[in-house]
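Here come two complexes built around chain A, the first alongside chain B, the second alongside chain C.
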Partner chain A sequence: MGDHHHGPAQGLSRWLFTTNHKDIGTMYLWFSFAMFILGGAFAMIIRAELFQPGMQLVEPAFFNQMTTLHGLIMVFGAIMPSFVGLANWMIPMMIGAPDMALPRMNNWSFWILPPAFLILASTLFMEGGAPAFGWTFYAPLSTTYAPPSVTYFIFSIHVLGLSSIMGSINIIATVMNMRAPGMTYMKMPLFVWTWLITAFLLVAVMPVLAGAVTMMLMDIHFGTSFFSAAGGGDPVLFQHVFWFFGHPEVYIIILPAFGVVSQIIPAFSRKPLFGYASMVYATAAIAFLSFIVWAHHMYTVGMPIAGELFFMYATMLIAVPTGVKVFNWITTMWRGSMSFETPMLFSIGFLVLFTIGGFTGLMLSIAPADFQYHDSYFVVAHFHYVMVAGAVFSMTAAVYYWLPKWCGRMYNETMGKTHFWISFIGFNVTFFPQHFVGLAGMPRRIPDYALQFADFNMMSSIGAFIYGASQIMFLYNVIATIVAGKPTSDEKVWDGAEGLEWTVATPAPYHTFETPPAVR
Partner chain B sequence: MGFISERLRAIVIHAAALIVTVLSGGALASGSKVNQLDMSPGVTATGQAIYDLHTAILWICIVIGVLVFGVMFYSIIYHRKSKGYKASNFHESTTVEIAWTVVPFLILIGMAVPATSTLIQVYDTDEAEMDILITGYQWKWKYEYLNENGENVAFFSNLRTAQDEIYNTEDKGEHYLLEVDQPVVIPVDTKVRFLVTANDVIHSWWVPELAVKRDAIPGFVNETWTRAEETGIYRGQCAELCGKDHGFMPIVVNVVSKEDYAAWLETKQAEAAEIKALMAQTFTMDELVARGKNVYQGYCAACHGMNGEGGLGRAIAGSAIATGDLTKHLDIGVNGVPGTAMQAFGGQMNDVDMAAVITYQRNAFGNNMGDMVQPIDVFNHKKG
Partner chain C sequence: MSDQATTHEKYYVPEKSSMAVFATIGLIMSTFGAATAMNQATFGDGEASFTTMYIGLCIFAAVLFSWFRITIKENLAGMNSVQLKKSYVIGMFWFIFSEVMFFAAFFGALFYVRTLSGPWLAGEGEGGAWNHLLWEGFQYSWPMMQTPQEAVGGVSNQVMANMGTFTSAHKSMAFAEVDAWYKWLPMWNTIILLTSSGTVHIAHEGLLSGNKSRFNLWLGITVGLGVIFVGLQMLEYYEAYAHFGLTLNSGVYGSTFFMLTGFHGFHVLMGTFMLGVQLVRSLKAGHFTSDDHFGFEASSWYWHFVDVVWVGLFLFVYIL
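Moving on to the complex of A and B:
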């Protein structure tokens, strides 16, 4: 068996060959932050071009490459891996397991990510440029009319899918088999629950995405006509297949965020989570509904009215479990003894802004109204409220919340709060006006716009620069904490925090729970 | 800097004006579109229905939002540790949890009823008085008036905004990016059915004030309709990402009185008849080159350069094709080069224009082939 108490190996090989869930979690988190900066840089280019009407900085073709890569990198490179990293770090510690169930596969699922993104980013330097068909890559723009680099894009998506599937299998195996004795399913922290359900969603839909890109590959290189009307194929089929993956995908992004917030709000309200069981059921209900609502992204493709009605009703239903969650969080805060450290601020920011995104989501679900909203900036505003203020705010809250446990040092609270307020203001200045221009008729994904949209677009760009800059402060705060933060050795860094992760030493030792803890 | 600070001041002034407008409860005057905040009810009954639905749901959301956030902020203000508030320990209540599952469900049913009836209205394409076939191309729209008596009327509608405006070397006009060379013309108070399709990739035909958005998908013909109740010019844009110039293929709909429409149609039909007559003619080199120059600037120059120097497309000046086999050159013009951005223009321009532009390309920019193509050659080539 060897020595159980050895520390990590030294040098590069520690990271290349590690099977330790904490090391792998750390690598996922840093990698996703790097991708967040890269995707953010692309967003800055987009907003700089849109600062004023007219083409100033980039050409339309390059602009399309930026919107495409921004979306792909943020979804697949920043948000998803960040939550996988968090799952790696926290799930074993939350359920009292010594590590993930499949540690070698864990290493592999991380290490195939950087090459995949290297391939994706390298398309920028290829002849014909990077993919320029949007992160939703609708055929035939992404097949017959795509630049040659699309083949690299397809390969990259395949690798990302492999990584996600392996990561999910690992999480499912860990949660099902490695819980400490006494840790029944209904005692698991909500973060573990949301990830378990997310992992099932991933295993179900990533193969569908792989199928979609494989059909593209066949159409491009092997003479098939899955999506080409000229050969008897069906371009709308692509959208059905894509959104059968794509809608669960957005819940894959948001469910772990729900889990994080469900850990943090009780901690800083010093009060148990309200409606634990209903939270679990609501998560499961959202996951189930996510499979039967995909065509609400396609109200304008010309579906028969019966189809429109089905997808409209099913989509509206999502408001019920989502509402339950929001009510539960607020009732958790009700008559608590609240304090407002940075993780709590980001969680409340999440709660307010995600709810606004939920409202616009409900509006978008109304099929006839969607004929006016669809593919306008209203949609852009909606999904940034749920993706950025939802997933990214929640992730940021998670980093502030668990960072002291990870590295045994306290971050600078003043800087953390400043980061929150600048992010919050910057975010809203960026995306709130986009509701207005969308309703007034500005389509999304255009490099230049009519004059009546000029003021709000300039406002949006200024907000985006502020939000972007605030992330530098975040990076600085995290590095400063790791290098020279005030040391802390309290097991419970936060007085209201509950859960097994707060029973291990601070900083968390390289190996935790080598013998399972007792769970009452 | 001066410019930016001026803009910033303008934003502040606009923002203040907006707040005043919103607080005073005044709806934004129709027609005032700068910094418009809300959806436009437009000029159709469907548009009004959609606008009413949108407004109702928006207000339901606002009321729920105020209540929910009200409770939250009350809690944030009063239930603070810093105020010495002691936490209670309750964590479930079946009654409350059932209530906030059932009540939202009932509210949703309340929303679904008007949503369903509006949707049925949007889908009712029956009993249209006229049909227009709309075809999306990279990056322009083609309109074809079906089932009208007389000559078939069909034309392309291209962006009219000058490149100099887009690249900031000239002041931008009032309808920057929302102006076309030939608007689609429809009569007022008439149910017009649009048949929407595409030639290459997916586009989407969207005119907010007509409350019409429908995807144009190659291989499919989608149906939608409108019945404009006010004459006027209504502007929209392609809503589905369709490649490089997705932002540069606007839609302009000119709604006119029924009499004006009849007159317009007559003119268009006369033009079509004239083209038909021209097809049978034989032209001289000078005539072809003069006509070809105009055609070139409208169709070819964007990719091949004003002087045939190339750009997104290959150079025409001195090219192997324009100085090579005439039939091959004509074939590329008519059928395009599959798999590249060079489209098949055979269906996009008439045979006279095709003959003229091919002839022009072979005898301009220093190309000096001295040969020419007649409309009948194009006609025969298309026939195979």
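Moving on to the complex of A and C:
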């Protein structure tokens, strides 16, 4: 082997055999975008069916398959891999490392994802149809009453979990071991911090998810009775195990988004992040709390009152560190020399809409009130404010922010801003009315609804089509930038941006920081 | 900054590697094959075919073999810096942590059934309000020697749908015969596994002091103890199925018993294999020096982890 590195290999083998964190990051990002389009197409089918009351386009059974696959693909296929891709690209460049700590395993954790999703998507064409039990796959819907394709679903979840665990171990090893001299923990960019904590969460809870699906597998095929009361088990046990994974999971999704926004807001406010240390502690506090709040998803299953109270108070506590974060972002902007390029617009959009989602979360945390909200469209509105306006908006912001560094070309700012405003309006038209129909009693996961919900549902569907269409514009803008964007060679694309990633050449060379930089 | 300079010598990043792609092929073939075979067995009318799964597993095993071989060769060639070795240490630590959390899911299920849902099914406490409608006559005890289904008189008398019949064991795995205490296998297994943690430690001490023959001897003893443990565990399973009527179908007691001990047993098998590989490396290839033996060290950590899990099992599955 040569002592100096060469550029990328040519052809397909570059991507199949690569160990380069930038190549792998790119593959993660494109893969997650493809999944975003697929999951989005399913969402469009859902909204088309709900455009008017009555059965319009699809069978109820197929509708259930759509809600299930939409959720699974967006959570596991779009949002999580997109942030892993971002971590791959950015963490080594942010901490001054030559690559990820375990480069070959890095490649493997990517490559098992596409076939796993191929298997999951292929269940649509299997006898009995795809899984139709919701992305939370509660037993006994997912055991006693499941279609045969559930077995393929179980194994694809196993493979996804394996990918996440390996990816997280890699990130932990990279952050703990590969920081440049002088890059102490409390000097790390907040994106690196949030990902480190996210990786801890992933290593802790993905095995629990594996345990949950393994119990399902055993119940279905090998006669055990974990989730069957007739054998002494309990269907509610499934919900406990699932949400012990599931609640940390939603923070796994949102914490890297916090990290992205904490990079972008200071850059366009031209001020350092306000309260850096408190941001780190708040992230850690949220991560800790995420382990002791899971049963707030289950207030209505019949828990003892002591359980309801404990999980209610613990859940409300999360508002404190989250409030610290929102306060710090706003204070960072306070008296800043602000400008409003596309990444900043998406970050501010994130801040406003995520805060709304946080407040509805606080409403849902109140156990006696939740008995009314539970499994209604209010819940759907709440988590889409957090998942879409939270995670997806910040991911979009990240792409606009770092794209010039990645490819050495500037995106079209007018089109970017247009994309933001159409997304922002489309998103709110889609999900804001869902608060109202939810509070008025419309249940989630139904293909038909009572007539009084018709107007708001039509608005929702129109908004969804607008939001969906705006993503085509995003795709076009990204491709146009890569192919024919205005070349830029400024190391610092944004004048207010800080961090090691802005000290390397633009576009970022194939190998960066082969010798670590000195960090003061 | 002097120590920074030594810990930041050049970090070896392999140029490219085809192993990930082949490992993916192996993994996907084995999981897809397993799913297909299980569906054929449960839902289909044909014979279950495990061919795809076996081919996938063979590919996977071959890739792992060559992956570790390459890694070992790189280390022997001096390509691994101190910093890179630390990445392996961190990786192994968090891998073991993820395994701990996997077992936590099953222990959690056990505790939940034993302290909450089991008594509720029998009508106790706040959760027990529906007992007289659903499982009238069910009494909770642990080990559960009568399932709710049996308490109401079989599937035909049952209000809830389920996945088939659950037939309780007539004898549990708990300690019962005081006179014949020496016949109680779990006790012997505990002694064996605890001893093996000690022997692997002696082997490590031997290696650290540069005494390779002591290392080989005690590592060999450890592997032997691991094999004996797995053998006794198989004997116990045979007894359970053949004489106790305790099977996977024996309600939640059988479910938790076999899943916890089964996954643990599988991990012991893995650990024994890992330590065995290290023994072969030491004997045949003369690997490992007193300051460079991560392959052995990682396997021994894994072994200690398996040992700790067994202590939890012994307490909560067999004794309490």
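Going forward, the second predicted complex is superposed on the first by the 517 of 520 C-alpha atoms of A that agree within 3 Å, B and C clash if a C-alpha of one lies under 4 Å from a C-alpha of the other, contacts with A are read in each partner's own complex, and residues count from 1 in each chain.
Everything that follows uses one rule, which is that a residue touches a chain if its C-beta (ideal position, glycine included) is under 8 Å from a C-beta of that chain, and two chains touch if they have at least 3 such contacts.
Here the structure is a predicted model, which means the values were calculated and not measured.
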Partner chain(s) touched by A:91 [first = chain B, second = chain C, both, neither]: neither
Touching partner for A:230 - first (chain B), second (chain C), both, neither: both
Touching partner for A:302 - first (chain B), second (chain C), both, neither: both
Contacts of A:69 with chain B and chain C, given as first, second, both or neither: neither
Partner chain in contact with A:219 - chain B first, chain C second, else both or neither: second
Contacts of A:183 with chain B and chain C, given as first, second, both or neither: neither
First, second, both or neither for A:140, with chain B first and chain C second: both
Which of chain B and chain C A:9 touches, first, second, both or neither: second
Partner chain in contact with A:151 - chain B first, chain C second, else both or neither: second
Set intersection of chain A contacts, chain C complex versus chain B complex: 140, 144-145, 229-230, 233-234, 236, 302, 305
Residue ranges of chain C in contact with chain A within the complex: 1, 4-5, 8, 10-11, 13-21, 23-24, 27-28, 31-32, 34-35, 38-39, 41-43, 67, 83-84, 86-87, 90-91, 94-95, 97-99, 101-102, 104-106, 108-109, 112-113, 117-118, 120-121, 125-127, 134-135, 144, 147-149, 155, 158, 160-164, 166, 247-249, 251-256, 258-259
Footprint of chain B on chain A - complex, ascending: 52-56, 60-61, 64, 132-134, 138, 140-141, 144-145, 229-230, 233-236, 269-278, 300-302, 305, 308-309, 312-313, 316-317, 319-320, 323-324, 326-327, 330-340, 348, 351-352, 355-356, 359, 362-363, 366-369, 371-372, 374-376, 436, 439-441, 443-452, 455-456, 458-459
Chain A partner contacts - residues on chain B that touch it in the complex: 7, 10-11, 14, 33-40, 49-50, 53-54, 57-58, 61, 64-65, 68-69, 71-72, 75-76, 79-82, 85-92, 96-97, 100-101, 104-105, 108, 111-112, 115-116, 118-123, 138, 165-168, 172, 174-178, 200-202, 204, 206, 208, 211-215, 217-220, 222-223, 235-248, 339
Residue numbers on chain A that touch chain C, as the complex places them: 1, 5-6, 9, 13-14, 16-20, 97-99, 101-105, 107-108, 110-112, 115-116, 119, 140, 143-145, 148, 151-152, 154-156, 158-159, 162, 165, 168-170, 172-174, 176-178, 180-182, 203-208, 210-212, 214-215, 217-226, 228-234, 236-237, 240-241, 244, 302, 304-305, 514-516
